């Protein structure tokens, strides 16, 4: 254990905790405002912090300068073996930055009005046109670069010798940097002088919640058990934070052993491998750094072991509060979580049989090589999802705290930050459960066709397209993919919460023991038979299965791209408000130009 | 303690750090008002409207309901409180953790309204202190939002004296009435002017 | 679930086996703030319950004896505050029955339309609140949104969103506004569309169906003996709707159906409400069709109806007439009568005793909820604690009405 | 409404039916209190009456206007035959009458309410408690001799809450709602004339 690896571990812990807490805060906000977000709204969020315009400008400029530096400078260095690929990346990235900046500017100007001629010129085109135009340029550039790479393959060295590639890479990087800088500068120029109100779409309310809860009076019922009453919130918070440790947030980073001491040192940290091996393992002599806080080979078992202790917090809280409703809540929590723990463990067994490991990194890698867990084990996914929602005590399984039945359940008597810990712990658990779902069933940090050494669109043995990517680029993509998927899963769970009614207590138990459990067992049986059959089958079957797996990857990729396109075009849809002013007050407000446009139609 | 006093540095018993800290605390409190809806009567209909999309209480940070008084900051007393209900209201209030605020929603909660008889409590201020009174039977959501803003303002200033939502008249309406020259309207406008101006 | 009985020898450690008694309400989120249930639990099963009402007793009947007949209207508004217009119409009809007058046909249609709009609101609030208490939040928000559309119409017509006090003896407080018909015709389809959306979320949902089906069952005979009326009675299979059986206003001229349930459980009550909303929309359509665009909505009787404002200011007769009605009240002949209409929750009856003066001697309201609430005890004993929520939600207990 | 029920009642019970009338189309029979329960049971069970649907039970206080003072009023209807009947019994003080809760289950709460509001005692009622008012309440609020504003608070009022509170100016709020009335005041109308 060197100092460098200690520092790396510390950074990882920090990232995990910050991510959990931030996401917890954001999902509190999501949860509280999902209803409102799906509906039409009037007026801005009230929570506001006034900041001097100088500070705002600094916040805009400093990251922009850093990003620009990180984009521009390394692009001028050469990386042997990657020239064409790097140029492709750089060009495509520059195009992305270009159209995206124009799009944001255009939609912003269209909403808030133009300040100058440049604004008007940009806003004369619809935001969607920039999007479609950008896509077209992407494809065009890709084709062009494909031709270039074909040329360079036919006459090796001609392009690199002329310096064209190096210039192309560097210039594209510089262009992207320049656009980022210019955008930041333009934005900061638009910041009005004096105090600027920062609202951050209402997320400040979550911040206010936290600050308020810390300084709120802490009450303890007279007959409560002093020790247990105080311990319970910590016990409830603990598992959610700790279990995240084994979730890999990205592929293993490979550092070059510069000083040849076979241990990670600070010098080595500056030298990330240029590109990684296709297998995902670091080459001999390189130093691997796993992107999980603790890369345990019993990963999943650890998760189950620790997550099981979450029951204790709820049960103790319910018992120690000296309140009948709390006791009911504690009892419900205990029985529910114990029951669903079984179904949860069994539902995942099928996947483990297929993958053949409980090591999280291995599970993710297997999905990357073959197909995502949801395609391999669809039944297990739904069983696991149900069990997981039950474990995190959320709607439709929120009996332990069902508001209309037992008021607030096991944490009924808690106030102040103790209640805050339950609150936060629940949301942290919620984020963790999303991360676990992503890891087990949605390929973890993997993106379809992104191998550790680059982009490769292939079906079975036929390669359609190949593009080498640097190790850093792949790693960034992976980390981004992991967090992105986790956020999407969190959002989906919030949707579930707002849509479904809750079960009755006995129905819940029946579901757990008579539906989920047998289904999980049958799933194990069927999986076992299939795994045995496939293991003994001919290579042709294996090749066929691999192709099938690649088809699922293609489907995912296609679906993902379509979803992103639909999302962006949906967001950029010009708002059309059909308004029927029925009442005189609405009509009056309309004439006075009073209310902000709402879709509500009245 | 008012806003103007809080920035005095020399000779003040409040240091700069405490003042800023209290500002921060007040800021957090006013934008995170977990509500305990003590909903009994007709005003519940408007309370629903207030919480639902058109009037959207969420953007004030005051929408999260906590049905355990321990976890709530703002007690909404919505509707008539009968003598039979009064002890329960008082218990709920006593169970709340500090800092706690009370908003009397509607005339019945504020002063009993036209239910002036053997069974009703003539205003919840007879049993618990009230921070903001919102008159109306039931009040329109807009005036409740006014009350909420008033409460937030008072929290920021650290002012715990009771406040009341004054009737509002749209200045444009008053201007048009003045232009048409109805004398009663002018008198009304003057009255409004009197009531809304600060002493 | 049966209580846990363990055979124990003397001196062994014994678990306490008395039932746990918990106190639901009145400050319980599912109890609408006005009902207290003292519940004995064995596990989660309810073995005994004592339903206590009266937390919103506001002395309606006593207050009515203090003013003129017209001054009763604001109090009537606040009985069933989910549908104040129906109460207004009901009380107007009661006093008119005593006076032996009937309002012009235009007013009758007008009352029907406003009343049916109020009924839609009432049913939406009930269904939405029931779904919300079960945890499904979105339908509630959609229903609340739909309700706003109707309230806009009410606001335009009456000037108030909730408590209109719009009914008058012998007519209504105001003429319909010029674009009354077009407003209603614009609002109702939008409301129905929103309701269909909300229903889709619930009725295609196994969890919701499991929670409401065969829960809170009430038999036909028992419901009749308990004096149930309205949706709760119809859900048990008795097609008793005052609008059909004893038509008042112009209900005999409309073509509409009375939805009835089969088993009297929560699901039937929910479905009856939803179906009645559609029937109300049908009635509104026909009433708008038949309603004349011109004509007075008030009867032509100076002893009952206030004179127009111009007359009050310009003629001595008008002034005196206005003064008499305002100061002394409408003189209702001595006697007694019982008038009943179909309100949001069932038969809303007013038993009126007049001594011939301008002030009611006694006004007795027969609140439909009050009778319904008696049956709640039977419906929830033997069920589980969570079943209290949909059962209580589906009977649509409105405190102002139930507690007088 | 059906007059046949009235006819049948008078046929069967004769002198027990003191008077009948059909004001405003409502058929009413006043019966002697001692046979109240018997007549009610007959109404429910007789095939020609079949009044199985309980509607309403209440009382009216005719203080200083009529003797005996109370009138208990019952409304019932028939689900099958669609007719209604109002049954009344006159009671002096102390007002006691047989319970009908064994005949129509619905009468249970209505009788409790009547007991609560008028102090009419229903003999044989299984659970005769106050229903709308709290057990600590003394008196019967709907009797004409109970002052409307006479409150009986359960909790002590805050010491500072006597008069008007700070946000209300002299002319604001509802002054009448902010007083506790210890004595009965004659109602004075807007012109200053007393009602009595």
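So that you can tell them apart, the chains are marked A, B, C and D in the order they are listed, and the count of residues begins at 1 in each.
In this text, contacts are C-beta pairs under 8 Å (C-beta built on N, C-alpha and C of every residue); 3 or more make two chains touch, one makes a residue touch a chain.
Only a predicted model underlies this, so the values are computations on that prediction, with no experimental measurement involved.
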Q. What chain is the most remote from subunit C, judged by the mean position of CA atoms in each chain?
A. A
Q. If you average the CA atoms of subunit A and of subunit C, how far apart do the two points sit, in angstrom?
A. 49
Q) If you average the Cα atoms of subunit A and of subunit D to get two centres, how far apart are those centres in Å? A) 66
Q. With chain centres defined as C-alpha means, what is the inter-centre distance between subunit B and subunit C in Å?
A. 30
Q. What whole-Å value do you get for the distance between subunit A and subunit B if each is reduced to the mean of its CA atoms?
A. 40
Q.
Give the residues of subunit C touching no fewer than two other chains, as numbers and ranges.
A. 28-29, 54, 57, 59, 62-63, 141, 145, 148, 151
Q. Listing for subunit D: what residues touch at least two other chains?
A. 132-134, 141, 148
Q) Which residues does subunit B have that touch at least 2 chains other than itself? A) 52-54, 65, 67, 84, 114-115, 117-120
Q. Chain pairs in touch?
A. A-B, A-C, B-C, B-D, C-D
Q) In the complex formed with subunit B, which residues of subunit D make contact? A) 132-134, 141, 146-155, 157-158, 161, 165-168, 172-174, 176-180
Q: Can you check the complex and tell me which residues of subunit B touch subunit A?
A: 24-25, 27-32, 34, 52-56, 58-61, 63-68, 70-71, 73, 97-99, 152, 170, 172
Q.
Which residues of subunit D touch subunit C once you look at their complex with the stated criterion?
A. 23-24, 26, 28, 52-56, 58, 60-61, 65, 73, 75, 79, 82, 84, 86, 104-106, 108-110, 113, 117, 130-134, 141-142, 148, 187, 189-191
Q | Of all residues in subunit B, those that touch subunit D in their complex | A | 83-84, 86-87, 90, 107, 110-123, 125-130, 133, 161-164
Q) Inside the complex, what are the residues of subunit A that reach subunit C? A) 35, 38-39, 324-325, 328, 395-396, 398-399, 402-407, 498-507, 580, 582-586, 600-602
